[in-house]
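Heads up, the next two complexes both have chain A, just with different partners, chain B and then chain C.
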Partner chain A sequence: MATASLETRENRRAWGFVTPALLWTVAFFVIPFIVMAAISLATRKGREIVMAWNFDNYIEFFEKAHLLKGLFVSLEITFTVTIISVILAYPLAWIIAERVPQKWQRMALIMAILPFWTSYVVRSYSWLLVLAQNGVINNTLVYLGVISEPLELASTRTATVIGFVHFFVMLLTLTIYANLVQMPPNYRRAAADLGANGFQVFWHVVLPLTLPGIMVGAFLTFVLCIGDYITPQILGGNNELALPQVIMLQLGRRADFPMAATLSIILMVVVTLAYIACARWLKMERT
Partner chain B sequence: MSRHVSTGKTRNKFLSSTATFILGAVAMAQTAQATEELNALVWCDHTDPALIEPFEKEYDVKVNLKEYEGTGAGLSIIEQSRPGDWDVFVIDGVDVHRAVEMGVLAEIPADALPTSDIFPEVVMAENNVVDGKTYAVTEKFGYNTISFDKTKVDPKDMEDMSVIWSDKYAGRIAVYDYYLPVIGLVGLGLGIDTADLGADDMPAIKEKLFAMKKVSKQVGEVVSSQTALATGEVDILVGGGEWITAVLSEEKPNLDWIIPKQGGLRWAQSIGVMKDSEKPDLALKFVQYIMSPEGQARLATSSCYWGMPANAKAGENLTDAQKAALRWDDQDGYLKNSQLYPIPDADLDAEMQDAWVEMLQQ
Partner chain C sequence: MISSRFSKLLSWSYLAALYGFIFLPVAVLVLFSFQDGRLPVPPFNGATLKWYGEVFSDNRLMSALTNSLMVAIGSATVACVLGFCAAYGLARFVLPASRLQRGLLIAPMTVSYLIIALGLLTTFNWLGVSLSLWTVGIGHVVINLPLCFAIIYASMGDHQKNIERAARDLGAAEWQVMTQVSAPMLMPSILAAFFLSVTFSWDEFIIAFLLSRFDVTLPVEIWSMLRSGLNPKTNAVGSIVFLVSVALLLILELIVFRRTAKK
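== the complex of A and B ==
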């Protein structure tokens, strides 16, 4: 009896803790999501929005090549950024965790995440100045005689990828570093004692154990990158449109909320698929 | 030691309380300074303090300005606001009818406006008057045409619109990211008057849009287009005009603009009072201030972008250098060789926007 009463009290207390977060999620995620899904089934007739309850917008998305291309552009940029960021972040995290003396590691991490402290928009515009025809890179290369004519760096997909990678390398460095420092050094010693060479230790022991850190960082990179509007808008020069830019065009230019809602739902589906693909590495408890 | 800490804490507390008090007092004083507030949904040229502060001082009012770009965005903001939130609305001249249809704008007594002082070509009753009632007034105008760096391109080449899709300046062209004027310009280049532009013309226009995209380096909004031209990133800006180059006339005398032989597009922005405004009299006073010669001169030379004032009497308040940058003396010819923006119906508008996005995705 006393146990049951204690359990009830604990349940109530647990609900008390959970309820504010639950209400917040329902109010600011579940309900807006339902509204957005409903609006995506409306249609724009002339300048009016009519609740048609059909899938015309979804069909239009797959029929119109310029809309569909937005998704492919976003996916191509996102995969490129994620892969490059992982390749650059892993050695950086490794050096900080393994080569930098422990007393300097905190400072090294602060240095690594220093660019986080500046505004995202300012950072993107700064890259535009660095990559411009008269920017730092081109001027240096021309001055050194490496090139005779400035390279086309700004207003390209390359510029967008550089801007993104600069941001996400820092994020991935943190998640991979956290994983590396948690790994007991005995694992590597044991593998070495059993005759594994340096590469084999890395490949069969270190990499599998740091995969959760890589995947958490890669998933965050994927989600933040595919939904980003600012970087492609500033650095891409509108020479191709990523899906968030296409969504913004529907809102800002056409006031076509149903199509914007449709594209947003499609973006959410893509993110959900990415989550499902990474889910086994994203679980809270690890065995 | 502990005493020092305690004293330090007390001092910090005192300083922080004093700072909070001062900040609060300043905030209260600022609120107390202005007895009324006016909310205006505007284009960026109205956010220049040099334009707004004289009105605020004269009428003891705080003008809250919300900047927007593109009529769709402005109307979206209004749709998401409560009735009465906005008092004044600055809108693209061609979209006044759309705003009136939506019941956004209030009628303005025609005798409250200095219509006789406005350049006759920009009174544009067809924009601002609906069913005999005046709902807005043209406050500023200019041209969407071709801006260029005269030290890097041959100005003679700029006299022909076809330069914007030719290979001669490939990779050195920027396009202003606004579909209506640029589609209008391409139409003019093909010999189609903006007033006649219809769905049948879209395939030919699309073809030229795609050709233009192929030779252009970037398609950008106002700031990035202006920056690209000013920094030498590009040498030609399609859709530019005095509103891009005049504001830079002192620092960048190498930048120029021209109306090609096929013509240019004339833009005009209008200002009106919101129908649901709770302060219609004050809102009208603001409109009258903007339309006064002093307000017009300040608006024409706003720090965001320059443009011709609609009120011809504003010339008295502009310097010779400012008039030269605005090409004040050339306006007769320019007004004759320019056409208004296309006014598409909803279907044609959707088709134009689709063509624009297709072009961007090329």
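== the complex of A and C ==
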């Protein structure tokens, strides 16, 4: 009896510690999410939001080209960015792990992620400085006489991709580097002793062992890239809209909360699908 | 031998090229914040501190800066306290469905900020809550709580459990154990969680943009400055934001470094 009452007292105390954080998460994360999911089933009549409890918004999403296109633009940009970032980051991580002297490696990594700490808005603005019609690249090239007319660099998809790649190369370098330094050097020596040439060692031994690092980084790239509004808005302009831009457009002039909620749910479904596709490698990381 | 020298050269040029790519925008941003002219683009006309002066005499920017600091420090404090208590409860006591509880606390980390912001916006709208710095702060606690919880929970080892038990045997009440024994022992990770949260809140845009109305934070104010196109004043503000973030990072690095050095 005595131990039981002690246990219940202990338990009550433990709940006292955990409950505030749980309540916060439920009140400001779970409930808002449920409200948003419910609103996505409503319709907008003028300025009023009427609960209709139907899937009209979702049907509208698949029927209206400008909405559906947002998803495809986002997916195209995200895949391009992920692939380019992996290709650029892998050699960088390898060089830092293999060629840079041990005591400088930490410094090299910190330097590589330093610009990561400028805010999102400022980072995109800095790229605008470089790419704009009268920006650094155009002015320099015109000054040097390489081109006579400024190139159309900003307000294009290329600009969006450059801005994103800049950010995610840093992230992927970190995850791949972490995997490379964990790999025992004996593995490669063993493969070489068994007669594998440099390329074969890389392709059959190093690459498979660093795949988890690539996939973790690629998944993070995918999630952060597809949900970002700032980079496509500042660098890509309004020529073609990515999904987050389409979502923000619903909120602006039109105040169409139901459609914005619908698009957000769709965005979340896409991210969840990506997680399921990558889950195998993401789990491997944890063990 | 020649091929190995060639590959060495190739490695170093690749390294230089990528670091160039990574630092190009930041270098341009900072360099042309000193531009003596109306446009922050080449040619560089000479150095001046005029734009920094304009930033510091701009009332809107200065109040946005204070707002940002208030929201960052306030939300990081709340997130740290909530995260620490939850970590203490889940690491030190046996609770039912603790896996589920941990999962719930971590969950906001896996969702885009845009979606968290929209969820809060629709809910506040529905409840008729007017938007202010408070709503921004609430949003920032939502994104930083998982981070604080995860960092502090991960650092709660069993060796500290024995010291806490000793304190309890010596007659300390639970809150005394928590504030006078556990918290000081875990201070490095609590501070790491705090400064990381401050940095994230300080830089965050989309939640601050959607959940604020009249009083805005610095990233939102910078966003509205972008409408006027390229401007050395925006460079100056951007450089200041960068400097503050790097300073926060340095503090964090020193704390983490000190902890690893101690062990």
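By our rule, the second predicted complex is superposed on the first by the 254 of 287 C-alpha atoms of A that agree within 3 Å, B and C clash if a C-alpha of one lies under 4 Å from a C-alpha of the other, contacts with A are read in each partner's own complex, and residues count from 1 in each chain.
Just so we're on the same page, a contact is a pair of C-beta atoms (placed from the backbone, for glycine too) under 8 Å apart; a residue touches a chain by one contact, two chains touch by 3 or more.
If you're wondering where the values come from, they're calculated on a predicted model, not measured in any experiment.
Trainee: With both complexes overlaid on chain A, does A:Ala132 touch chain B (first), chain C (second), both or neither?
Mentor: A:Ala132: touches chain B and chain C.
Trainee: Is chain A touched at more residues by chain B or by chain C?
Mentor: Chain A has more residues touched by C than by the other partner.
Trainee: For A:Leu241, is the partner it touches chain B (first), chain C (second), both, or none of the two (neither)?
Mentor: The first partner, chain B, only.
Trainee: For A:Ser155, using the defined touch cut-off, is the partner it touches chain B, chain C, both, or neither? Pick first, second, both or neither.
Mentor: Touch partner of A:Ser155: chain B, not chain C.
Trainee: Once chain A of both complexes is superposed, is A:Leu251 in touch with chain B (first), chain C (second), both, or neither?
Mentor: both
Trainee: Once the two structures are superposed, pull the chain A residues common to the chain B and chain C interfaces.
Mentor: 132, 134, 234, 251
Trainee: Considering the complex alone, what residue numbers of chain A touch chain C?
Mentor: On the chain A side, the touching residues are 10-11, 13-18, 20-22, 24-26, 28-33, 35-36, 39, 88, 91-92, 95-96, 99-100, 110-112, 114-115, 117-123, 125-130, 132, 134-136, 139-140, 143, 166, 169-170, 223-224, 226-230, 234, 244, 247, 251, 257, 260-261, 264, 267-268, 271, 275.
Trainee: Residues of chain A touching chain B in their complex?
Mentor: Interface residues on chain A, with respect to chain B: 46-47, 64-67, 69-70, 73, 132-134, 152, 154-155, 234, 237-241, 246, 249, 251-255.
Trainee: Tell me, which parts of chain C touch chain A in their complex?
Mentor: Going by the criterion above, the answer is residues 8, 11-12, 14-15, 18-19, 21-26, 28-29, 32, 39-43, 82-83, 85-86, 88-90, 92-95, 101, 104-105, 107-108, 110-116, 118-123, 125-126, 138-139, 141-142, 145, 149, 174, 199, 202-206, 210, 218-219, 222-223, 226, 230, 234-235, 237-238, 241-242, 245-246, 248-249, 253.
Trainee: Would you mind writing out the residues of chain B in touch with chain A in their complex?
Mentor: 69-70, 72-73, 75-76, 79, 98, 171, 177, 179, 217-220, 224, 231-233, 345-347, 350, 353-354, 357-358, 360-361
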